[in-house]
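Following are the structures in question.
Next, two complexes with subunit A in common: one pairs it with subunit B, the other with subunit C.
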Partner chain A sequence: MNRRAVIRTLAAVTALSLTGGLAACGSDDDSGASAADSSSAIIQVGSVYEPQNLDNTAGGGQGVTEALNGNVYEGLFTLTDTGAVEPLLAKDQKVSDDGLTYTFTLQPNVKFHSGAALTSKDVKASVERVTAENSKSARKSNLAVIKSIDTPDDATVVFTLSSRSISFVYNLSYIWISNAAATDLTTTADGTGPYKFGEWKRGSTLSLTKFDGYWGTAAKNAGVVFHYFTDATALNNALLTNAVDIVTSEQSPDALAQFSGNASYKVNDGKGTTKLLLAFNDKVAPFDKVAVRQAVSQAIDDKKLLTSIWGEYGTEIGSMVPPTDPWYEDLTSVNAYNVENAKKLLTDAGFPNGFTFSLDTPSYDPHPTAATFIKSELAKVGITVNINTITADEWYTKVYQKRDFAATLQEHVNDRDVVWYGNPDFYWGYNNTQVTDLVNKAEQATTTDEQTSLLKQANKIIAEEAASDWLYLYPQIVVASSKLTGYPVNGLNAQFFAYGIVKS
Partner chain B sequence: MIRYLLRRTAILLVSLSAAAVVLFVLLRLLPGDPANALLPVGATAEQIEAARRELGTDAPLLSQFFSWLGDVVTFDLGKSLVSTLPVGDEIAARLPVTVPLTLAAFTLAVLIAVPVGVLAAARADRWYGPVINAVAQLGIAVPAFWVGLLLITVFALNLQVLPAGGFPPGGWSDPGAAIEALVLPVVTVALVMSASLIRYVRSATLDVLGADYLRTARALGASSSQAMWRHGLRNAAVPVIAVLAMELATTFLGAVVVESVFALPGLGGMLVRGISQHDYPVIQGIMLVSTATVLVVGFLGDLAQRLVDPRLLHRSTS
Partner chain C sequence: MSRRRSLHLAAGLLLVAVVVGGVLLSYLWLPFAPDDTSGGRLAPPGGDHLLGTDKLGRDLFTQLLIGGRIAIGTALGAVTVGGVLGVSFGLVAGFATRWLDDAAAVLLDILIAFPTLLLAMLIVAGAGASLATAVIAIGLAMAAVVARLTRVLVKQILARDYITAARVAGISWPRIVVSHVLPNIAPTVSVNLALQAGLAVLAEASLSYLGLGTPPPNASWGRMLYEAQATVLVAPVAALAPGIALVALVIGVNLTADGLRDFTDPRRSR
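Right after this comes the complex of A and B.
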């Protein structure tokens, strides 16, 4: 599996949660402001995430989300760059009092790129593609609550749920509405978005062109070409030589100096959702003891680790919840760096002389660096770390499937994934009935305020019990030519909406 | 000659089949399960079984092998486990980058290595003979990616005369852009390749220079360059051709690093991705194509050697 694919996939399963703002759609684009010449520009985008194929229900991966989500395909709802859920193809919605029936009316006059009109049948077929037996969609399990889908007329879809699910609408923002009549969606595409799919040269480029028959506000540029790189230096060189206008996600902090001091470029420090975790096996000694986990958390200087890897970028984080989640709270003071206290906790837990454990470390950056750092930090409190380097594929089999590990390092990419701590069957085996209860109740909540408050409580408990050690939050750095405006900076869940980009 | 050709072709076919078996078995010995690639997270045991059935990895090894071989013979390299797209198509799409890169780099390397190598040998007594030798030695030690980065820094970032990487979306339909994109990668591969070639050419030439027939030619009145042209080069070419064939084959896949540095959509990058994703059909497909290429190039190299030096032909058929 590719670098981040493992966790990207499993963290994506998350999302037992909804957002606030279903209120009014706040995207009032000021049209007419952009000059005629800028609207004919093609935006050249550089990325390291090439799609595997073009179908997000057939393992297309993170790259296909980046290139097509919101650009070529649209959902009933959209997750904006700031993390709000807003209606898109759904013009309006009605929810029954018991929260079990959702009735959506579709936007009128929506056409697929192939020319067919969007109907409720397409919506039904698209959702069923995700829930199908052979679907590889990460969202599949979230949609298990759907009991039936009815299409009383062409413009109306009715979902009946088996139980209340406050994150249902949020989950719908991940479902692409594709033409039910389309036969091949792995090498071509047929959506309703502002761009139609152009051409995909594997290993090289993927192009999109503006769709003239778009139902909504037209794209502000004439098209987008995604250029794919496997080498970060090659990607940066492309930006330096103007072969690309923007880099969706800068992976190497060392390269930033050449852009940050240069007026031709803008370095955007957006809000990421990727967390680097030292995940304990909470079911197995010695990490089944809360005090031991707290001791390890307190013995590691997260700030120093973050600085050594990302310099001035990135954020310290005290729990699984990133700042873009509605239930974020600053918990960095919980189990903060305190070597003396860590020693005391270890003594109290019965390990005055420390212990030895094996740390399963994925072989790609930044895990090996972090592992070496953790090893030296824990040596100071008498704990010996044996670093066991494994590939992403081995990680999936050994850690994720077989749970055969003491502790591991892993990046967890998605937003709203704190809910995994409510699932005792998840790979880290955290089992606290109170947390499970809170997470389940949050999903059944009737208001987002209630959901937020319940998840805050759950989050506080896992932070105090050091269910894992959350080392830091990755920065989300978009570097662009200063000629560019209107691009997304947060890259939430790997999305990259290109339609607002203007090149002057 | 015909007898030799027949025999050599038979050897080629046997080697190809043996390579297919080795390739198939080796891949199955790798740890990990390709079914992982097919499954959503949290897959049930039934889903895993279904995935294995879909892949055919639940069948006995022998029947897996024959069904694969049957497909290969009909030029069907199967579908990628990860992307579900046909492997053959992707290989075909990447050959227009890899083949020109390999051939151009190879040609350039020969154009550099032969004159320089001969010069280094013929003028071993002058100051520049040993200098060439030392530079070539150094060249062998320098990694290709470093040469690539250096060329990018000079020609793309500073002088801005050539692109830093990438291949035009239109491919060869825009020949100018395609050639521009390949210049620096070709030079990179050629420089690194020529470093080792120079040393082979030099030592082959030195052997020839000390040979009796050359001394005889000189004694009969030929100048040293005449003797070298008429008698020396052809003899020196024999061992060099063997090395050339090997170098050509290595470059075919060995350009992985260079492809990555220059962001070229070639076969090397596809292979690396296939390996990291446990994508058997992709690895098998590329390895099969490249093994076949290596064997065919070796075959052609042998033929070329025999054309250059007919004595070999008699030796091998007698």
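Right after this comes the complex of A and C.
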């Protein structure tokens, strides 16, 4: 009896410490076999971002963008891996002199995977899905400028805007054109892309197969299978055992050593757009005071945090704008690390002995580590941080919806998202009329140079006022088998175009 | 008592003493402050840092000692909650008759069928992750086991002739409980509580590993295992140290409980 108790205890401890390792065993696959002909190869992709559902207007999450954007669904325009906006389903565009009317001619001979031909009515319906009342699309508010959509004939769609919007074409690159006749887009898909949707085994894989009736250049492989992992270690093990050919974004630098010194793999250090933010509630004391926010920003050694979490990877940033945005400017010297000055700012703001605040911290990496670091840094200037661990769902309701927080940690994935600081109703409640004006004027600008210069000014103000503390920019690390070529390395907005991938 | 069994007890007590000693030491002296991040990223063991450092540059030996506080604290806390609730409910259920007795038995069976970890996760999900909620959750799960044991023991004792004799002599029920029932069930219940303490340590580590137990920056062994998982190839000691500490404490507690049983159970000493 007593021996059995000991053995059971041992088994439990072993299971606990090996959870990560064992999980990897479940993902074996016959994909290791090399294909005779590269165009008949199926690309096995490993990712940690499984979609919630397949509809990007119903909260599908970043996983649905990764798997379907550009692969199954296409927009009138596309945001390329290098950040350029190029026409896709729009063959031709005309803009009226006042900038309020956009007329697009659609590509001819485009077919949905179900067989129906693409018409202007599908475009209208697709845009209206995004702007609909029940849409959960993050882009909904960007499209509020659309006054009406007309479809004079099957190949022409005319957008009338209520005011100028220089980002309009860019915003259209996020809108998937789906078949207006499709009834269920959350568990299946009907787009115009080079792949048709295959099968989604929840919690495991999502497969795409090459669409033979594609209107453009056909995919260079026969299909893609996304393998989903909840654990980064298991994902890396899958790459080591050839269960997957490529990992879309590595979650930690420590696993990279096993790939970087190995000729069978290639480690790509691309440009990301994901920023880790210490977001203050700018409406509520004490963070309604600029000096307090500046003090906190200056008391945290961002460089050390970045090195702790990402080793030699990643980039320091001084504001919300990542280097791939046209209005990027190096602002890392603004509110740079300076403990003595932080103490002085706190004293001037009326907190010579610091204060205490609660930091709402999502329970998943890297937030708990970052919170621990921030707590230890701020203790040096007398500020006490209570770390309140919450789930992603709690974050959405407590922080994003109810605004019931003092400060929080969150990653912001998108490019060109500095404009949120011009919206006083956003969750962080930053309200500076000058910034709001600049952001609005930038949107009304007639040239991109004008837009760029206005947004640069806005960016400088938010950096100086420490509207948030931008801790660092994530690296975008793609690790692939060296047999693979033609894959995207920058992963802007979590896109992953698979059609160019060749497996030799 | 055989020599083999006393060896078990000695080994168990030694293991527990090492962990408790480490915890007591942590209150008097720590190699580094818990939030001191001056160590450099993932420094290897040796030199200033006996077990190396974590990603943030915090000393792992310091964290291991502090994690011991949480392990021992959880064990004591959960045993207190489980013991008090379990024995109280078990006593009441032991005295119950007919349908009330059946109801109590079914209720306890249902509670025991509920996996400890799942029950704990439900409570933590409702009340938020903290050490206190984890201790209460584990204690409640433990209470069901202790209550069932207590109920059966109480029923056995109430059937004895000396209880009938005591009743005939006019002694009140409360006095019978204090002077006859409790002393007779105490040895078995306390051995069971000791075994449960080992499981409580594991349950807390599992909860912390899942992010539902002790929140950061407190170093729980389960949390340390979780954090070490991503770096296990470059810094294996960070995963081995809390793993070995957990094994040592849990085996120590179990061996001690087994040894204690032989002291208290006359049938086994033959």
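In this text, the second predicted complex is superposed on the first by the 468 of 504 C-alpha atoms of A that agree within 3 Å, B and C clash if a C-alpha of one lies under 4 Å from a C-alpha of the other, contacts with A are read in each partner's own complex, and residues count from 1 in each chain.
Definition applied: a residue touches a chain if its C-beta (ideal position, glycine included) is under 8 Å from a C-beta of that chain, and two chains touch if they have at least 3 such contacts.
Computed from a predicted model, the values in this text were never measured in an experiment.
**Q** Could you say whether A:K94 touches subunit B, subunit C, both of them, or neither, answering first, second, both or neither?
**A** A:K94 sits against neither subunit B nor subunit C.
**Q** Which of the two partners, first being subunit B and second being subunit C, lies in contact with A:T389: first, second, both, or neither?
**A** second
**Q** Contact-wise, after the overlay, does A:F229 reach subunit B, subunit C, both or neither (first, second, both, neither)?
**A** first
**Q** Check the residue A:K147 against both partner chains and state whether it touches subunit B (first), subunit C (second), both, or neither.
**A** So A:K147 meets neither subunit B nor subunit C here.
**Q** According to the stated criteria, A:K402 is in contact with first (subunit B), second (subunit C), both, or neither; which is it?
**A** Neither partner.
**Q** For A:D254, select first, second, both or neither according to whether it touches subunit B, subunit C, the two together, or no partner.
**A** second
**Q** Could you look at A:S207 and tell me whether it touches subunit B, subunit C, both or neither (first, second, both, neither)?
**A** first
**Q** Report, in rising order, the residues of subunit A that make contact with subunit B in one complex and with subunit C in the other.
**A** In the superposed arrangement, which is not itself an observed complex, subunit A uses residues 1-2, 9-10, 13, 231, 233 for both subunit B and subunit C.
**Q** Residue numbers of subunit C touching subunit A in their complex, please.
**A** 8, 35-37, 41-42, 55-57, 128-129, 195, 198, 202, 205-206, 209, 211, 215-217, 222, 225, 227, 229-235, 239, 243, 246-247, 250-251, 254-255, 258, 261
**Q** Given the complex with subunit A, which residues does subunit B contribute to the contact?
**A** 31-33, 36-42, 80, 82-85, 90, 93-94, 149, 152, 156-157, 160, 163-167, 169, 171, 260-266, 269-270, 272-273, 276-278
**Q** For subunit A, which residues count as touching subunit C in their complex?
**A** Touch residues, subunit A against subunit C: 1-2, 5-6, 9-10, 12-13, 16-17, 19-20, 231-233, 251-252, 254-255, 257-258, 304, 307-309, 311, 361, 363-365, 368-369, 371-373, 375-376, 379, 387-389.
**Q** Over in the complex, which subunit A residues touch subunit B? Could you list them?
**A** Touch list, subunit A to subunit B: 1-2, 9-10, 13, 52-53, 55, 58-59, 135-138, 140-141, 186-187, 199, 201-205, 207, 225, 227-231, 233-235, 237-238, 240-241, 243, 391-394, 396-397, 400.
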